[in-house]
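For reference, the structure I am asking about is given below.
Letters are used for the chains, namely A, B, C, D and E, taken in the order the chains are written, and counting of residues starts over at 1 for each.
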Amino acid sequence: MVAGNISFISYNADSFIEKKAADIEACTQLNASDSVYWLHITGAEQKDILTALAARYQIHPLVVEDILHTRQRPKVESYGTYLYITLRLFKEQQLKLSSQQISFVLKDNLLISVVEQDNAVFDEVKNRLARKQGVIRQKGEDFLLYSLLDAVIDSYFEVLEDFSSEIEVLEERIIGHAVKQHLVQLQHIKRSLILFKKHTVPVRELLSNLDRNEVAFFETENRPYLRDLLDHSFRVNDSVETYRDILTSLMDLYHSMMSNKMNEVMKTLTVISSFFIPLTFIVGVYGMNFDVMPELRWEYGYFLVWGVMVALSMALYITFKKKKWF
Amino acid sequence: MVAGNISFISYNADSFIEKKAADIEACTQLNASDSVYWLHITGAEQKDILTALAARYQIHPLVVEDILHTRQRPKVESYGTYLYITLRLFKEQQLKLSSQQISFVLKDNLLISVVEQDNAVFDEVKNRLARKQGVIRQKGEDFLLYSLLDAVIDSYFEVLEDFSSEIEVLEERIIGHAVKQHLVQLQHIKRSLILFKKHTVPVRELLSNLDRNEVAFFETENRPYLRDLLDHSFRVNDSVETYRDILTSLMDLYHSMMSNKMNEVMKTLTVISSFFIPLTFIVGVYGMNFDVMPELRWEYGYFLVWGVMVALSMALYITFKKKKWF
Amino acid sequence: MVAGNISFISYNADSFIEKKAADIEACTQLNASDSVYWLHITGAEQKDILTALAARYQIHPLVVEDILHTRQRPKVESYGTYLYITLRLFKEQQLKLSSQQISFVLKDNLLISVVEQDNAVFDEVKNRLARKQGVIRQKGEDFLLYSLLDAVIDSYFEVLEDFSSEIEVLEERIIGHAVKQHLVQLQHIKRSLILFKKHTVPVRELLSNLDRNEVAFFETENRPYLRDLLDHSFRVNDSVETYRDILTSLMDLYHSMMSNKMNEVMKTLTVISSFFIPLTFIVGVYGMNFDVMPELRWEYGYFLVWGVMVALSMALYITFKKKKWF
Amino acid sequence: MVAGNISFISYNADSFIEKKAADIEACTQLNASDSVYWLHITGAEQKDILTALAARYQIHPLVVEDILHTRQRPKVESYGTYLYITLRLFKEQQLKLSSQQISFVLKDNLLISVVEQDNAVFDEVKNRLARKQGVIRQKGEDFLLYSLLDAVIDSYFEVLEDFSSEIEVLEERIIGHAVKQHLVQLQHIKRSLILFKKHTVPVRELLSNLDRNEVAFFETENRPYLRDLLDHSFRVNDSVETYRDILTSLMDLYHSMMSNKMNEVMKTLTVISSFFIPLTFIVGVYGMNFDVMPELRWEYGYFLVWGVMVALSMALYITFKKKKWF
Amino acid sequence: MVAGNISFISYNADSFIEKKAADIEACTQLNASDSVYWLHITGAEQKDILTALAARYQIHPLVVEDILHTRQRPKVESYGTYLYITLRLFKEQQLKLSSQQISFVLKDNLLISVVEQDNAVFDEVKNRLARKQGVIRQKGEDFLLYSLLDAVIDSYFEVLEDFSSEIEVLEERIIGHAVKQHLVQLQHIKRSLILFKKHTVPVRELLSNLDRNEVAFFETENRPYLRDLLDHSFRVNDSVETYRDILTSLMDLYHSMMSNKMNEVMKTLTVISSFFIPLTFIVGVYGMNFDVMPELRWEYGYFLVWGVMVALSMALYITFKKKKWF
């Protein structure tokens, strides 16, 4: 068991204590009934710690299993005296989307949060707690949960911003000069968005479940905050749908650009061929070696052929001009 | 604090007073219990004014936050003694759609409205109030809200009209002679419509929420007006869906036009090549310099070759005619 | 006010009276409590008449407004003592779909109907009334409304029939020989269908609202007729969806036909080029003027070249035959 | 009235009587209160018989109308003392789907069934009745209806099997060698499936309506059979959706095969042209007749040209090999 | 009747007995009221055994029929004293998905399971029973059912993993170098996924039916396990949808890759043709045999022609470079 990957915070309006603990026991010696306890565990694979926690706080083995197997669908589950909530946190780097699972257990006066890897998403909440910023120190564990969920969903908007700017850049490039590389990028963004959607659509469900059914865990005065969260999750979904539509239309645009280019290429080929293939035939005719070919003997035969060829070219030029091939 | 960007109107059936106020205090000195008060704030970034207002009228900090962060999803929220409503206003200029957030707070006898930038959409309502046109002066603050929402939704129809005419113009041009520029325009209209949809679909929800749940804020006799609004929002949605379908079918049309043109280009190339490539081969044969080539010595060899070539061309002509390539 | 565009009919089991009236007053002098009154107004722009009517029968100003602004979404609205129903009537002429708004107000013993332009859709109902055909003269104003709605929805089926036959004709033509003109026709049918759908989908809603909520206005014994109407509106919707699917698959067919043709064109070009370009090269070789070219001096050189060319052609022929390019 | 197209069957656990009757009167003389009566009419256009029946059994005129107009949407309608059920029966022959309407009226002790044309779908039920096979003779008219509906839905599965095998054959052919004819077949299957879907989706609704609302007409012990039917109708719908998806993906496959072929054709053309067009140019150069062309005088000029041409060809061959064009 | 394909297990916290029985009678002699009985039958076609079982345990004939006809839709049916559950088990081998039906009958103290073919999916549960691993031996027949369903749904995730890795491999290959074979593979994966979806979507329904309606069969303390199962089935559905989206986007990618290649091919053809066709014309001109062709007599004529041709080539090169065709 690596020391220090458990962070234990207890606070009320007056005091704020943070401990990096070596084990669970050390943490839970603190005990004041008027404080809120927040146990934050980094590294979801630590079965021992989680089992010990579960035993101490009467948490169902299925919850521990769900925390350990980090491929859960975002969900909220009520077990009577406590709530289990899980959802995913995303990080986007160079068109590649990685994600980790975050789990919460909300009990009377206690919030346990488990993340797979260390990350800065909760730092701002911790700072607000430490500095007594806003109302958070006056509020209970439900408001803490709200603040953490809010931090997670705000991080979704950052990912969406990344998508948005990537799409915009790609669109400009495609309109400018579409190449195969754009296609691979488009495919990558699409896959990332499909994945992002898979894990964020259930978050909306999760929050509306929370809003509808789990009234007992939230103070009435804090419910507007929950509704605000739900509202944000709707916006995330709207944006995902919007980006999907835009990506589809971008794919269409790419295809159209390609077929436009193909058209241009083919027109070039056709125009050049149409001009020179007939002319080549004509000069071929007078390259024949028949003994009897009267035209070859004419004094102005050669110049006549040039005249015919120029006339033909001009006729073709006018035809193509009319068809708007230039 | 810039003076004059707060407009304060109080009215009843008999009187109508409008003040451009320097600060909130100046505004709210007016106080007659039998009047309706309308506080209209231009510039949603004025945190001081909004905070002052919130303090005076017991408005929840989340509402102030939502007004300040102007990227809210259209929604209605009831806070017991007041309603918070937010939606977006659109302006279309040269295929580019810009939008701003409008927020309303509805309390007993008071309506607060906040817009990001000055615009003419509410002028007509103000004029009706000033000139005592229609029934608006006899009605309460709920009817005022209805009238303002109606003005917003009417402005949606104007945007839709713009879409409609742009699409029509584009369709005609594409049927006439499809070029790459049309594709970029199509893409722009599509994106604008996707955006417009994102912000107007929730308005329907907003209004039906209002109709279903917030009965207390609306006089029974004014409810038909609310229903009328809801009905308009349905029409907006229907139209958006219709335009989406039309844009999709227009994209198909563009593609088909392009592939038609490609077909024509390729047919031209093929027809010309099919005529002249075999002929060029024939004349090439008699351009060879073998010592022994009997045909070259025939008296009518040259004319015979011409005969063969004319016959071949006619055969090809008939073949292509049958295949309907002309 | 143009005389004669108001038709006033009163009937019961025994009597049937029809009047073309100059104004509302003339009409409404008739007054027998045991009759049903049907007021049919042609020309929805007649604000004076409608306002007079609204005043006489306590109809809400919003209803008058809705009748005057003839771009309403099909809907039913209950105003306590009367029902307001509006929907659209279609006429198809040469791939062009035009429509007008029809409005109904149903009160005790009275049905008011307003159409934009004169049309024959209600004539058959009027004839049945005049000739005492069927049960209509024994029934009340609700049955009259049912009969008129039935006439409107039956006219939808006629429009659908037109769509069906147009689509069938187009499909045959496209399978026969697809040309650009078919594409423009397809686009027209699609747009008409999208428009038709926009205005008929809400009719289903309208009727199921009527069936669910407005029990008071319909005699129990007449409710099967309403259910029958609802059933018809479902069929209209099913057909619209079916035609949409068929049009989409027709567009696919068109595209495939085009790409088939392109394929054929390209194969022709490739086959001809593959045969003659190598042959042209060969004859070109022996058209060179080098002093030293041994083959040119051979006695059977010329015939040998022909032999090589025939052999090459046959090899190509077999290759293409194997690839099924013929 | 054609004799014999009315079949009248009465049965109970002990007896089974079948009569081909000339008219309704003859049929209905049989009258034992402990029997189930099944009146099966072939030919839905016989208005006289149906009207007579309706009069005798107090059936609503709308039901008679629905039976006569054989384009109803599958539905169930309860008229208090009896149920009216209508759905469609399909027959597939050589990619062509034809259908007829089947109507049922279920009353106490009596089931009336009306089909448009004679067909074998109900024979097996009749045989089971005659031979006292299974439990059918112990059960009432509701079980008879269940058995007949079961026969109809089983026939749907046969149609689906036909679809399945047609699609499989087509897929293999398209993967083997896609030709235009496959496209027309695909279009036919698609249309048939769209039609089939249109008429079978409402059957699911019909049966779940039956299951939910019309409890009174079904013995409690027979309800598992109804649920079984409902389950089958769900399977029909699942299969239709599955085939739609497969057809769509087959269309994609066809397109891709076509564009693959096009690619191959174009590559052939390009490879041949790329080899021979430059070579033809080279030999053309030495076919020129300038007085001063030093190369022509060189002793090994001709062989040098051949060398250059062979080297060029090999360079091209390596280039194309690298691009994987062979 | 083949001996040994019936496995009979009875267990409680203290004892575990397994018998491979020759017939039903042998099995059911064991009889201790405090044990859970699990009857596992391999080979769903054994009508005799199933009928005997049905008779002994009062199971409805429809259930036996459903077990025998192994093409049921996944479903749960309550028959009062027992539950009938059926779903499908999948096996994927080389892009080919095969499936078999699994049926469960859950009664007081008894679970009957029927599979079509022997397979290892339930072995792990049996081992846990035998070795007294976990809580399974302390729990009742409902927990056994939960464990078996869990094993089935876990096997779905394995199939999904296979899909995932196949898709990933295919995507890399297509981006690398798209060939026709990939298309056939894509089509196979698509069909497998469509099939898999058809049989797994109803499983979600099944489980939520179980959760909602069949409370009586499950101990309250075991319900979290059921909810866990339901949650897994949601994840299966999410993944199927995600893979569908990815396959669609992969198809798009394939098409785009093909059209990119086509573009490249056509550009090669066009560039080569554009360079050499005009040059071939020029050399053709001076291959003509006119008596009077002044240029042929010029001393530097030949070199001048070369100069013109080089200049032309360079002009073309610059043009193509500008168009980014290289």
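What to note about this one:
Simple rule for what comes next: a residue touches a chain if its C-beta (ideal position, glycine included) is under 8 Å from a C-beta of that chain, and two chains touch if they have at least 3 such contacts.
Source: prediction; values computed, not measured.
Least step count on the touch graph, chain B to chain D: 2.
Superposing the C-alpha atoms of chain B onto chain E requires a rotation of 145 degrees, rounded to the nearest 5. Centres computed as Cα averages put chain B at a distance of 25 Å from chain C. The geometric centre of chain C is 41 Å away from that of chain E, both derived from CA atoms. Multi-chain contact residues of chain C (touching two or more other chains) are listed as 255, 259, 262, 266, 269, 273, 277, 280, 284, 287-289, 293. Here the chains link up into one ring; start at chain A, go to chain B, and the full order comes out as A, B, C, D, E. Residue ranges on chain C touching chain D, taken from their complex, read 171, 175, 224-225, 227-228, 231, 234-235, 238-239, 241-242, 245-246, 249, 252-253, 255-257, 259-260, 262-263, 266-267, 269-270, 273-274, 277-278, 280-281, 284-285, 287-293, 323-325.
Against chain E, in their complex, chain A makes its touches with residues 60, 62, 66, 71-73, 75, 77, 79, 177, 180, 183-184, 187, 190-191, 194-195, 198, 202, 251, 254-255, 258-259, 261-262, 265-266, 268-269, 272-273, 276-277, 279-280, 283-284, 286-289, 293, 295-302, 305.
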